[in-house]
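Heads up, the next two complexes both have chain A, just with different partners, chain B and then chain C.
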Partner chain A sequence: MLDRLDKEEYFYGHKGCGGCGGSLAVRLALKVLGKDTFVVLPAGCMSAVGFVYPQLCFGVNALISPFASTAAMLSGIRAAAKSLNIKNCNVVGFAGDGGTADIGLQALSGAIDRGDKIIYICYDNEAYMNTGVQQSSLTPYGARTTTTPPGEHIHGSRNSKKNMFEIVAAHHIKYAATASIGNIPDYIKKVEKAKNTNGTSYIHIAAPCPTGWGIDSSETVAIAREAVECGLWYLAEYEDGKYKLNKNVKEFTSIRTYLKKQGRFKHLTDEDIQEIERQRDENIKFIKERYI
Partner chain B sequence: MSRPTVKTDFSGEIPKGTYGPAMHLTETLEGWRNSRPVINNNICNICGLCYLVCPEGVIFNEKNIMDIDYGFCKGCGICARECRKHAITMQKEGAANE
Partner chain C sequence: MSNKVFVSGNEAVAIGVKLAKPNVIAAYPITPQTIVVERLAEMVERQELNAEYMYVESEHSALSAVMGASVLGARTFTATSSQGLLYMAEVMHYASGGRVPLVMMNANRSLALPWSIFGDQRDSLSMLDSGWIQVYVEDAQESLDMIIQAYALAEHKEVLTPVMVNLDGFVLTHTYEAIEVPKEEQVDKFLPGFELEGKMDLENPRNLFFSSSPADNIRFKVQQHQAMENSREIIEILDKQYGEITGRRYGGLATGYKTEDADIILITLGSITGQVRAVVDVLRAGGEKVGVVKIRFMRPFPETEILKLCSNAAVIGVLEKDISFGYHGTVYTNVTDALKNTNKRLINFVGGLGGKNISQQDIEEIFRRLKNVDKDTNIVNFIGLEV
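Up next, the complex of A and B:
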């Protein structure tokens, strides 16, 4: 697998926090896609850490888009590449969970509808981390953010995660997948598939944020792996109209251990954890009925 | 070394306009670090996992030895945490001077 990656680094010297999961996702995707790539970044961590003037950290063509229009800009770049007769180039966008599920959802829906040959990667760190941890619609139940502070009566976020993978798959997209930085070979395989897809592809990668999650910077990859093991995240694909579960976890590890490692879940009571377990079981039942 | 480096011909002028050259690095980031990862090459079996999990991309294989670009390593410790052979240890910066 190592020899399939480009030896060059295309995202280097960036000013992301130590142990940033999002920048790992960006770095690996660019190593798969290679130098003939156009990158679009909306407002979010990756545009904030990649272009700290005058330090410009992308080795490929990269530009910042307005927050809501990542996918629209991707379509535009693909149209421009076509009219300039640039073949064999990749057009990829990296948006955070807020830029995908809240603000950029309409543009993404439009791009999938048009079926442009673009790759959209959502690095999901489960809140608006760039502006200092505010709740997004992909923030999990019970998480502490600055807009959902835990108090006596309300224990953190009351939302449960929006199912972006299902929303995107409902467009009958050519290729959609969920991935995790806890399973890097799987992620690389999915980016390769997206690269070779003749149409729109979407990858939703779980990318923990040590700063916002309240974990040690060395735990990023381990905690992403544990999220899959305890059933709060899953690895699945949607291709040619069919769902596929990549990793069928037979026995889940303890949700409590996973939650209590993170500062954002420190306040949770036993009832809250039971509620999260109930939500997980419901979600897993849904997944197994549909994807297997 | 196949890593990008800081532009030595950079004399302080900044790119004008709303765009600049790709990979225009003007400063290193070693000052961000509290402790540095050190690879024990006797234990290391060059599996390349540390190269894959590094968010900075500072670990690389040169002539069949894993090496680290300390200029850009932030010392997050993911490599030491993930190494299956426990060949990487985190050493406190400045410990050599004590």
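Up next, the complex of A and C:
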């Protein structure tokens, strides 16, 4: 599948940090979708690094939307394409975790409810990285951010990740999937499915951020893979009303090892790690009962 | 052959939109705008109007959606009011900065708190700096005609600026009048199909709505201001062209009634104007030299027009349904700036807030006070306070 990918670059020359998982998600998705694509990006890392006049980094039609408006603008573009008889085009949005699970959730819900033929890809780097690593509702338990500073009383983020996959599935969306930068063939397959979906599709891709996570820029893919192996992330699909777990990990690797590789979790105590393991086990139980 | 219908202001707007043949309509309901979007939905259902009608979950999304549609070259429409307009505020600046030629109807309604569904003009006047052209209409006929002209104005290549057409809530949106509906071929002649230079195009991809450095940013803002300035002349030209086709002209940015020899002039905005004219006629019959200036556009502001229309008057009152707390009514502030190099006596009357009726007696009282202006020491004078 990888050898069939478009050789053209449609997201090129941007100023993303070394090892940026989000930019890899954008670049690869556009290779699947090809030149006949309209892209919407809200305020966030990808618009900040790729969209400063006159250095504009998209080789396809692209625009920045207001922060909360990704899905609404996607819908408007699709409605115009329909009315103006522009056929065989993709309409895709790339929004971060804050732009999706926080400020953009309402518009996303509206678009899924209408069933508009749009693709919404959330690149989840688990905090507001563009503004300097503030907590979002997809920041994991225990993570240090600049608004959840670990100290004597608070050991980083106190909330667990909002379950976006279940939230969109609850709309009876045509197609939804989780994905990971750690499994690129799986992601590409899912973008292809989204492209061929006659309705709304949503892909939630775990996209590590070396700057915010405190890892080396060479470790993006490996750490994303490890998140799946230790059970803190999972690969699943929701299609035709049915859930599917793509990768059933039988034996999880150490959560402690995964966490301690990252600067954002350095402060965690044994009790904190036990709490994260407890949350992982609870979540995996939920996933296995429901998706297998 | 005339084509008269008996409709409300809201329905007149819907008919105007239909004649403009939009591709995409997105709107969220809010009283007193709802009739507009209901009528449009019915027109789409009956296939009188071949448009994509989008149900959206908020005003923020409504304006975002039509902006996304517009940059593909689609003609669009949305409508809102009051809290909904404020909810759009971020997107309004976005649209004007992006030079997206949208047309929106706003039903002027008070702002909470306290909650009120009734009309005043604090909603749109609070958005005066959002970069939209703002026109205020007086009756149902002008509502229909200005919706059609709004598209020609917004889409004009020298302008490319969004236009907001304001109707006083209930007083105009829900009042029925007989109006003349232009023929489809008349409108087609005045308003050709929408052609957007630099639109998003699969053969010629564009990156739009970008960031810019401080060095570039100010240049974009200068262009935006220049476009607004350009619109002054285009508004006059379109008024003339529309008049030649339909026989109806409205007179550009501001118009006067019996101003030539007037000693006292009352300046108005929106639907109250007709009532003020009626009072002027009564007072004129009694020998008083009074007149009225109707501001049609708040942006661009009719600075030279007001100066000219008020040239012979010594006393100027501004009657408005707005107050900028801690200063004057916003219309008054703008008018005083236009007249700053004259030595006219200026006074501000604020009424109709939260839908309070402005009666004929109120207006007669205003003229009485203008006649004895030396007795009034306040600049800002609230009217209609009696229970």
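Here is the rule we use: the second predicted complex is superposed on the first by the 291 of 292 C-alpha atoms of A that agree within 3 Å, B and C clash if a C-alpha of one lies under 4 Å from a C-alpha of the other, contacts with A are read in each partner's own complex, and residues count from 1 in each chain.
Please note the rule applied: contacts are C-beta pairs under 8 Å (C-beta built on N, C-alpha and C of every residue); 3 or more make two chains touch, one makes a residue touch a chain.
Computed from a predicted model, the values in this text were never measured in an experiment.
Colleague: Just chain B (first), just chain C (second), both, or neither: which does A:Y53 touch?
Modeller: Once the two structures are laid over each other on A, A:Y53 reaches both partners.
Colleague: Return first, second, both or neither, reflecting whether A:L2 touches chain B, chain C, both chains, or no partner chain.
Modeller: first
Colleague: Is A:G76 touching anything from chain B or chain C once the two structures are fitted on A? First, second, both or neither.
Modeller: Second partner only.
Colleague: Would you sort A:D36 into first (chain B), second (chain C), both or neither based on which partner it touches?
Modeller: Only chain C; A:D36 stays clear of chain B.
Colleague: Taking the superposition on A as described, I'd like to know which of chain B and chain C A:N183 touches: first, second, both or neither.
Modeller: Once the two structures are laid over each other on A, A:N183 reaches no partner at all.
Colleague: On the A-aligned overlay, A:L24 touches which partner chain: chain B = first, chain C = second, or both, or neither?
Modeller: A:L24 contacts chain B only, not chain C.
Colleague: In the superposed arrangement, does A:A68 touch chain B (first), chain C (second), both or neither?
Modeller: A:A68: touches chain C, not chain B.
Colleague: Can A:Y12 be said to touch chain B (first), chain C (second), both, or neither?
Modeller: In the superposed model, A:Y12 contacts chain B only, not chain C.
Colleague: Intersection of chain A residues contacting chain B with those contacting chain C?
Modeller: 53-54, 56-63.
Colleague: Write out the stretch or stretches of chain A touching chain C in their complex.
Modeller: Interface residues on chain A, with respect to chain C: 35-36, 38, 40, 47-48, 51-54, 56-66, 68-69, 71-77, 79-84, 86, 89, 106-107, 109-110, 113-114.
Colleague: Applying the document's contact rule, which stretches of chain A touch chain B when the two form their complex?
Modeller: 2, 7-21, 23-24, 27-28, 53-63, 184, 210, 216-222
Colleague: So in the complex, the part of chain B that touches chain A is made up of which residues?
Modeller: It is residues 2-4, 6, 14-15, 19-29, 32-33, 48, 51-57, 72, 74-78, 80-82 of chain B that touch chain A.
Colleague: Of all residues in chain C, which touch chain A in the complex?
Modeller: 23-24, 26, 51-52, 54-58, 60-62, 64-74, 76, 90-91, 94, 200-202, 205-213, 216
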